[in-house]
Structures are given as structure tokens and as C-alpha cells.
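Remarks on the structure that follows.
Letters A, B, C and D name the chains as they come in the text, with residue numbers starting at 1 for each one.
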Amino acid sequence: MPETSDRKDDHIRIIEEEDVETTGAGFADIDLVHEALPEVHRDEIETTADLFGHELAAPIVIESMTGGHPNTTKLNRTLAEAAERTNVAMGVGSQRAGLELDDEAVLESYTVVRDAAPNAFLYGNVGAAQLLEYGVDDVEEAVAMIDADAMAIHLNFLQEAVQPEGDVDARGCLAAIERVADELSVPVIVKETGNGMSRETATRLADAGVDAVDVAGQGGTTWSGIESHRAAAVGAQRQEAIGRLFRAWGVPTAVSTLEAATVHDCVIASGGVRSGLDIAKAIALGARAGGLAKPFLGPAGQGVDEVVDLIETLRLELRTAMFVTGSASLSELRDTEYVVLGRTNEYIDQRRR
Amino acid sequence: MPETSDRKDDHIRIIEEEDVETTGAGFADIDLVHEALPEVHRDEIETTADLFGHELAAPIVIESMTGGHPNTTKLNRTLAEAAERTNVAMGVGSQRAGLELDDEAVLESYTVVRDAAPNAFLYGNVGAAQLLEYGVDDVEEAVAMIDADAMAIHLNFLQEAVQPEGDVDARGCLAAIERVADELSVPVIVKETGNGMSRETATRLADAGVDAVDVAGQGGTTWSGIESHRAAAVGAQRQEAIGRLFRAWGVPTAVSTLEAATVHDCVIASGGVRSGLDIAKAIALGARAGGLAKPFLGPAGQGVDEVVDLIETLRLELRTAMFVTGSASLSELRDTEYVVLGRTNEYIDQRRR
Amino acid sequence: MPETSDRKDDHIRIIEEEDVETTGAGFADIDLVHEALPEVHRDEIETTADLFGHELAAPIVIESMTGGHPNTTKLNRTLAEAAERTNVAMGVGSQRAGLELDDEAVLESYTVVRDAAPNAFLYGNVGAAQLLEYGVDDVEEAVAMIDADAMAIHLNFLQEAVQPEGDVDARGCLAAIERVADELSVPVIVKETGNGMSRETATRLADAGVDAVDVAGQGGTTWSGIESHRAAAVGAQRQEAIGRLFRAWGVPTAVSTLEAATVHDCVIASGGVRSGLDIAKAIALGARAGGLAKPFLGPAGQGVDEVVDLIETLRLELRTAMFVTGSASLSELRDTEYVVLGRTNEYIDQRRR
Amino acid sequence: MPETSDRKDDHIRIIEEEDVETTGAGFADIDLVHEALPEVHRDEIETTADLFGHELAAPIVIESMTGGHPNTTKLNRTLAEAAERTNVAMGVGSQRAGLELDDEAVLESYTVVRDAAPNAFLYGNVGAAQLLEYGVDDVEEAVAMIDADAMAIHLNFLQEAVQPEGDVDARGCLAAIERVADELSVPVIVKETGNGMSRETATRLADAGVDAVDVAGQGGTTWSGIESHRAAAVGAQRQEAIGRLFRAWGVPTAVSTLEAATVHDCVIASGGVRSGLDIAKAIALGARAGGLAKPFLGPAGQGVDEVVDLIETLRLELRTAMFVTGSASLSELRDTEYVVLGRTNEYIDQRRR
């Protein structure tokens, strides 16, 4: 969602140095019920997932993160090479800089992903607010930029509201999304960026014809928290306070997944997903796949092998969860028994009223 | 509620030096549901609130605090100037000293507010127990003293019960309130002072014809706590113990707001309100406005700009909450979705039985 | 329940030196609902309580504690003088030593209470297990010993089970209690000693014709804990372990009070009652009076004034609770609104199934 | 479940040195309701339990632990002698080494138990996965090895999944179990090893004709935790991470006991059982007996007297619980009143939906 190069740099530095993760995604409140007699062979369990006709090796998404500055090119190449090698999905960060700046090096920070991952499922990223300025052809340009398999439109109005310079006009976004969903050549995923989606929002998006939602719920990376630190750095005290106040605002990821899945066939669960077990829980709640952003940053700075290793670990964790719930495939995992405890149970209960 | 000058001084010193705030107002247990697609422009959101025909710029009340001693004149002037500049409501502390002492300097500590705020919504303050001695004309004198837009009648029987010298005769108060509500030239607000109001009490007040209630619930400044410290200072051990025992007595503000709003059209939520987000939650629970006392003390000691800054921060926090719930006006905020968790949920549940 | 002099000494020393109080009586989970407009005069509130035709100044009981050794005479005299001065009820500890030992000094440790308190409500104490050996005439002897207004029969089988030398034959107790209840010249109170009574036990006691029960529930002094320390001192490791394991065994006092009150007209709530506010809560739950043991030990060691002071503090705390719930009498307090939260709410809920 | 000698050694060392117990078995959430008037003699309470026609002195099981290496012979002899002296049941660890290795000393590590305990109830142990390779005659060989009174078939697929070299093919186990249950000369107990059994799994096992289940639920020794340590020692990082992630996976023992007892007549509760009070609670939940593994390791290293002492302590703890619930026999204990609080209550509630 951040667009200018310098801002992106600020963000990544803050994410690496400060505590900008919240708790409360809700996965800790969910217990999948153990199957002592699974009657499957762990290594023959199918973890493949279909994403708009593309068969992923595992329901794992490297969430939209970066691009837009020459020094992000390497990160994106590393992530893309790992996505290619493991056959998981990957998004790029907001393409605004790529669309608006006329700079080869900036452009390369995006195009590098398709070069590095000719076969992987890659999806682009634009902000909902930008759609008010863009025509569908501009979005097609973003698609073309990385030969995208899908396009993510992000919603990040809380982050904008914390930024002193933020774009806080949210009017007309739904209509613009509807138009893009109707006309774009590739499927459209609408995603939040850390505050989640309620059933009501998800329903409006389903009515607008979007192909999938990525809930990006509360419980992981907090953009209000990040912007609060950025505001502090420039002495913008009121923004700093507001960022702190809304640090953990939003629908918890687990709740959001459950709610979105009542109206969408294809839900990506992200926001505080931290293991293959969390992915398994998300799928039991109705998700198609689980996405992670922050946990990929560290490995991406180290190299392709480290990213691949994380993906393989996530996959084995997921596979283990499938094994001990006796789920031979993701569709069986979706039907597995689970219990919801604590705050998440209370939250869901309240939302049912 | 304190009346004599010296006592007022004691109180303010204790509030500044000791821990006399409780937790448990309940706002932390309430989550407004995020709207990822708000479809409003944050800066065009209407935060205006109607209070007895006066349009406030924001549903913010500087709660009844001080007056009655020459050295409170400055505090009241500062608060009133800020109220004038920001167009929010403000109350003065108990006017008993102003009515009973024949002292120009004491009087000025009240009258200063109208001088400093010719246009702001200002309301007076008398104790329910005093009504037994006063006629309606005495209350009119209090109105005239500050050219009040409304008159608050405070209930503080727990505080009285902790004071060695307290007035613990509560008989006849309701009838006296009814008479004043019937005859006074301005609207009557009945307010607690930190222990809240149950639905039952609120109902009796509605039946008595009062125009509004300010719940002043448990969860913020604790007068039992303050009086306990005062008792300790004079060696009144039994009173000290009782003040401590009843430190967190009362209906939590969030619960009280919800209950009062079932029988009153105009409810002010106060007691532990600490941010514009708390105000937003209070409004979602049914309040007309949110009030704060203690948080204004520090800034009021510094200057008008500091008080204005706090009000502007509260307002932007409220506006941000409205933005991310997609509420274009307070009436839309009142209808926004929320969940109630934890102890507050349990409390409400029990009260429904 | 302890009978021999030395054992009593051990007990009191352990109670003074070790941590032998548990939490969980449940009063902290109960909130009486504040009445902001009480419409009573605090100092005209009636705290008088009827106990078998005797009007107590307040529903306060100094629970059965001591007697049986010459060096307890002073404690009992002090407590009795305070009971006389304040007109509250008082029990003596187990009278077994008085009945079985032929020793003037031992006897005096009991008889002193009537000497010191000619008018107070005093009640005797025998163990249920002793009833198997005693005839009703022996119990009458215990009555006569202190000119008792009532006789308490204590149940302490868990304590006995932890004692290496304990009496663990509980057979026939109910029949023996029924006989005594039927024939004794004074009312019979059956009391536990820190583990509470379920509704089922209370019902059996009601059917047996006892006049009152004292729940003596879990949450205050723990006799398993005390006996565990005593066992440790003599190297009885298994007993020590068992005492620790059952340290917090029993029906919490608040739950027990609620349950017993469904079948008994006269219920005394004890076990972790620590303030006049706890007494108020107990009465709202259905108790006739609240009793305390351990909190009286310290003051009793100091002097009559200290005990009177504690009683007066308890009474003012109770009166304050009555004031701020608008209860002019104990019968109004019994009907006051309250909420039950947390573990106690869960416990009650489970017991309803 | 571990089979080779060296692995067994690793396991025992890790169990002794590392923290490989989880919490959450659920017994702490269960309160047996106190009976103040038990009407039984503690020392005449019947703690005898029937296990397939064998009358145990108490419903206590020394769970399957060891054998398979000459240096475990002493442990097994000690445990068996204690089982003989106290007349409780005892299992041996996996007999795979005994069946597959042709080594007298290894064999002796199993056969020693029958030598030391000619009359005790002893049961054998094989892994469900081994049944795929074994015929029923191989299992009969295991029975003969210790003249077993019953045979336990263990399920430990999570442990296998954490081991780098684990056997993760669970297909066909149920059919194999059904065959053995049908044909074996002694009763068959299917047991988990620390992750519990759901009602669904228990039902499938009941349908397969097994004679009893041992739930071995979550809340005690964690094999994922143990294997995680073992993986760490050999630098297998991914396995280490997975072991940690699934450290507390499984159905809590209390829940599992309740669920299994709805479909099985004979349920052994194990996994975090740590006292005779836990055993009493398990029986109230529907178990036939309670089993412990880890708590026996320490005493077994010391000597027979220490093991006997632990058993006698457990028995007296159980007896005490029976006494204060007024249960003269285990069948009365099974019908005693209890409440379920906290997380366990929530878990059960969720499972009922």
C-alpha cells in the first residue's frame, strides 16, 4: 500500500526494528481435533490447492509486500525464485510507483518477479483509492507489468488515516472495484492489509463480483503501529497517538476468515498466520489458502534457499496437521472437526446475534 | 460535589499525586467492527452533536470539576476558553460555595466561565442533597451565575458515606429532582460522580422528568479512593478502610451507558472515558456524548492551547473511529456493529436475566 | 473440631504463622448493583437481624474457634466481652475437652464466655462424629456449660481425613443429628468448617430438622492446609501431601450460601468472609448473617476494644453497602440486585444443569 | 512406542532432563462437589476395580513405558514387584525389540515383569503400525512373552511424524486392529500416547470390537516435545520446529475421557494424571481406572518401596476424594456430582455442537 520509494524504505526499516506485530489473530484459540487413527500416509497427503485454475503445490501465499524502489528488486527476485521453485503463490507490493514513475529501475523492481518465476502464480497490487484515478486500462498495465495471474486491490484506509499525508477519501471505491472486477482480464482479489473484513464488507464485495478476498485480519503486522512510529520520527504527535490507539484495531483473522467464507468461495487468510498449523486452522475455518508477509522478510534478505526452507517448513507443518486430523486433502481438512475457545469464541458468538 | 474551598484543594492535590483511577469502565471489552470499505471521506464526516438545541462541534463534554475557591478561577477560565474555541460543552464544579458564601472572589471562580466562553454550552452543578435545602429559585440563581445552558444535579452518596463529615441523608432527593426538572428554566441533567447508574435508577429519573443523565460510571476517577486518602491524612482509619473497600464500587461506565440509553434519549457517558475511541464506543452503545474530567486537569494547568490540543486529539480519534466504521455521522455511528467481550459481556448478560 | 488442648495450640500457632487461607470464596465475583438514588438515611438503616428470636445489632457472627485449654480462656473472654458490647453472636470452639476432661481450668475456658457476655447470643459446639458416642443429655451438658442460645454441630470430615489420628467414620451422623435436632432444648445449627455444603447436603439437613446451617465454605481458612503443616512437623509425609492436595477442596462460600438458602430459612455464610461488604453480598445471596473466624484472632489477642473496633468496622461497611444499594433493612438487602461473574458464575451455571 | 534400544535411552534421558510435560489435561478445571456428611467409614471404602475379570486393589495403572534394552530390566522389575505387592495393573513398553531382536538380554527386559509379578495384571504393548507387518500370531508371541493379561496397541502417529525416521503410514491400522481384537486370546486395549482420542475415534474403535481404550490425552508427557529435543540434538531443525509446534496438540485428557466413555465401557484415563484426586475425577467422568507413566520413573529408579509408596499415596488420595464425596465404591464415585469450569468447560461445550 505505500507508494513512494522512501516511504517503503521507512516501512521496512520500522518492521525490522520495532515491535509492529499484534497478537489476537485467533489461531491460538482454535484447536483442531486430533485423529489418533488417521488412516492415511502422511507423505501421500495432497496439499495441492487450486487458485483460479492454477494448481499450487501448497495453499501458501507470499503476501503482497514490496517493489517500487530499486533496492527492493533483490527482495522480490529472491521471493519469486522461491515461489517458482516451490510452486506457491506470490504477490508484489503496490504497483503505484511502477505505474506513475517513469523509471526503468523502479519498473524492474516489479518485473523481476516474472523473470525469476516464469511459471509461478503471481498477482499484482493496486490500492482501492487509486482506482478512483485509474481506468481499467491502467490496471491492465499493472497486470501486464508482471504478466499477473490475478490482481489484488488493497484496502488500507486505517493506515491512510494515520498517515499525516494519507488519502482518506474512500468514496466510490466499491463502484470502482465492481468495474474492475467486471472488466479486467484476470481475476480480482480484494485484500485488506491488517484490519480484516467483516461478513458485511465481504458480502458487499461478493455482490460487486470480486473473485476472491484476502482477509488480512488483525493479529499480525499492524500498519497503524508502523505509521505511528513513522509519525513519531517526524514529530507528528497526534498521528503518533492515533496510530497507537488503533494499533490492534480490526476483525481478528480467524473471525474474519470464518465470516468471509460464508459469502466467498475463495478466501485467503492472512494477518498473523505464522505456521503451517495456522494455515491448517484457516482452511478448517473455510479458507482456500493462508498468506504470510512479515515472516518472509528475514529469509528474503538472506537468500532463495532460506525462503524455500521456510515454505517447506510451512508445508510440512500443514501436512503434519493434515496427518493428525486424518485429512488426505485440503477438502477433507476443510471438513475436519475443531473447537473455538476463549476470546475468539466470544467474538464469534457475539457476531452471531 | 465537594463544596468547601479547602476540601476542593485537598481533592485536586490527591488526584494529582495518588492513584485514584480504577480500571473496568468496560470500553476495552468493546470492539467496534472494522469497515474496510467505508465509502466516506474522513474529513467530511459530521461529528456535530445536538445538546438541547445547541450544536456542538463534537460530542465531547468537559465534565463538572471545579470552582468555589479563588485559586480555581484560572483552571475554569482556561477550560472555558478552550470550550469556546472548540465548541464543546463544559460543566462547572458544585456551585454550593458560590451560592452559600458571600465572597466576590469565590463567585468569580464560577462566573469566569461565561466571561471566557460567551457562546459555549455551559452547565451548572448542584448536589442532589442540597436540593432538600434549596428552593427552585436557588437553583435558578446557580443558573444565572454562569448563564447556564443546563443544570447538572449530582449524585454522590457513596462519596458522602466515605467522608467523616458526609451528608448521608438521601431521602427526598427524587422528589426534589422532579420538582426542579419540572420548574427550572433550563434542561436538567442528573449525573453520578463515578459509580454509575443502573437501568432502574435511570428509569426513576426518566419518570421524574429529567432531560438527560450523565452516567459517570465505575472505571475512571474514584471518589471513594480520593476520600480514603483524605481520611488517611487525618487518621480516620475506619473511613480510610471503607473508602478502599468501595474503591471500585459501581456500575461500569459501558454497562451503565447501555442501560441508561434504554430509557433516556440523551445520555452522557463519563467515568474512565480516555480517548475519542472510547467516545465512539459510548455512542455506539447509545450515548449522545462522552465526557472526561481527570484527563483535562493536567492540560488545564498548562494553558488553553494544551486543552484545545486534547480536544482536537479526541475529536480526530473519534473521527478516525467513525471513518473505519464507515459512519458519516453520529447517528450512523450509533447504529454501527460492535461486539462486547469479557467481563462486560458477562455483566450485561447477568443484568438481562 | 480439634479436641485436645495441645492440638488446639498447634492449630492457632500454624494459623498465625503459615499461609492457611485460600482464595475463591466467590465474593469478589459478585457485584451488588449501585443505587445512585438510595432514598434512605444511612444512619437510620436497620442492620438488626433476628437469630432464633434474639435480635442481633448486626448480622455478624464470631465463628466457633476456641476453648479447651486454659490458655484460650483469655481469647474467649475478650471475644465474649466484645460480643456483649456490640450485641453480635458468638460461638465457642469444640466443647469436647470440656465434656470429657475433668479439669476446672479447661472448663473455665468455655464458661468464661457466658460470664463475660450475660446477654449476648452464644452458641456451643460439638462434632458430628462425637454425637455417635454422646447421648442428647451430653449435648445438653454442653448447652448448660455456657448457657447456650443454640448449639452448633460441626462437620469436618476432610480435616479428620488429613489427620494421621483422625476420626474417619462418618456413618450414622445424619441420624444422630436428627435425634439431637429433635430433642435438644435449644436450636441446632449444623456447620461445616471450611469446605462448604452443597444443596444436596443442605437438603438432607433440612429434612433432618436442623434449625440452621452455617455453610463454612471454601475460600477462607483451610483446615486441610493447617493439618498439612501439622503433618509436616511430625514427618507424616503422606498426610502432608494429602493436606496440600485438598487445600482448596470444597464448595465456594458464595455458591454454598446460594444453594443452602434454597432449602434453609436460616443460613449463616462463613468461610473467607472478610468485610461488611462480603456480609452484604452473602445476605443478597440469601444468608441470614455472615460469620468470620480467622480475622478475629489478631484483635482478640490484643483486647476487647480491638475486637469491638473490627465489629464496628464490619457493621459500617455493611451499612455502607446497604446505603448504596438503597436497602433500609436486611430484608430489602436480600432483594437487592446483583450480578455474578467469572468462576462463580460458571460454577453456579454448572450446578443448575 | 519407541522401539530400538538406543532411542529408548534417549527418550528416558530427555524425560528426566527436559521439560516435556504440558499442562491442560483438564483435571484442574473439574471440581468434585463436597459431601459434608459422607455417611461412610473412610477405611471401609471399596477402591477395588474390575479389569477384565481381574480385581485390582485400586483403579491404578502403571502405564506402558519400558523394556527393549538390557538396562531397562531393572526398572521393569522394580515396577512389577511394586505392582505385585499393591495389586495394581502394569503395562510394558513396546515389545517390538523383544519380537524382532534375537537377544536374550533384551527379551529379559520384558519377561522380568512376569517373574517379578506372578499375580499382577500385566499387559503387553505393540504399535498399531507394526500390526501391518505382524500376524495375529506375532501378537500372541508378545502375549506369551510376559504371559500378558491383555494387550495394548498404541497409536502414536504424531510422534512418528516428528521423528525424522518415523513411520508415517497409518493406512490399514483400523482393519488390523479389528482383526487382532477379533482373534487374540486376551483382551485388547487401544491406547494413545499423549494426544488423546476423540469420541469419533473411540467410536470407530468400539465398532472394531476393541475391549478397552486408554485415552492417553494431552496434558502430560508430550512425545512431540521429546522428539523435538531429540531432533535438536542431531541438528534436524525442521523436525525440531514441528515438534515444538505440536507440543501441546491433542484432545485434553479430561475431555477425551468424557468422550470415550460415551462409547466404551472400559476407559483408562491417562496423560497428566498426577494424583489420586485426578484419578477420582477421571472416574467421575466415566473412566474405569487412571494411569500414570512419567511420575513412576523417578521412584522406579530408586526402588520397590518408593514405587509402592507412590501407589499407596495415590490410593489414599483417591480414597480421601471418595470419602469427601460420600462414595463407598467406585461405582458410587462414578455417579458423584461435579462441575466443569474454564477451558475444559468451553471445550466440551464446543464439542457438543
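Throughout what follows, contacts are C-beta pairs under 8 Å (C-beta built on N, C-alpha and C of every residue); 3 or more make two chains touch, one makes a residue touch a chain.
The structure displayed is predicted, hence computed values, not measured ones.
Undergrad: By mean C-alpha coordinates, which chain is most distant from subunit A?
TA: Chain C.
Undergrad: So, what's the distance in Å between the C-alpha centres of subunit D and subunit B?
TA: 62
Undergrad: Where the CA atoms of subunit C average out and where those of subunit D average out, how many Å apart are those spots?
TA: For subunit C versus subunit D, the centre distance works out to 44 Å.
Undergrad: Multi-chain contacts only, two chains or more: what residues does subunit C have there?
TA: In subunit C, nothing touches at least two other chains.
Undergrad: Every touching chain pair, please?
TA: Chain-chain contacts present: A-B, A-D, B-C, C-D.
Undergrad: How about subunit D: which of its residues touch subunit A in the complex?
TA: Touch list, subunit D to subunit A: 128, 155, 157-158, 161-162, 168-174, 192, 195-198, 200-201, 204-205, 218, 238, 241-242, 245-246, 249-251, 343, 346-347, 350-351.
Undergrad: Would you tell me which residues of subunit A are touching subunit D in their complex?
TA: Against subunit D, the touching part of subunit A is residues 31, 33-43, 275-277, 309, 312-313, 316-317, 320-321, 323-324, 326, 337, 339-342, 345.
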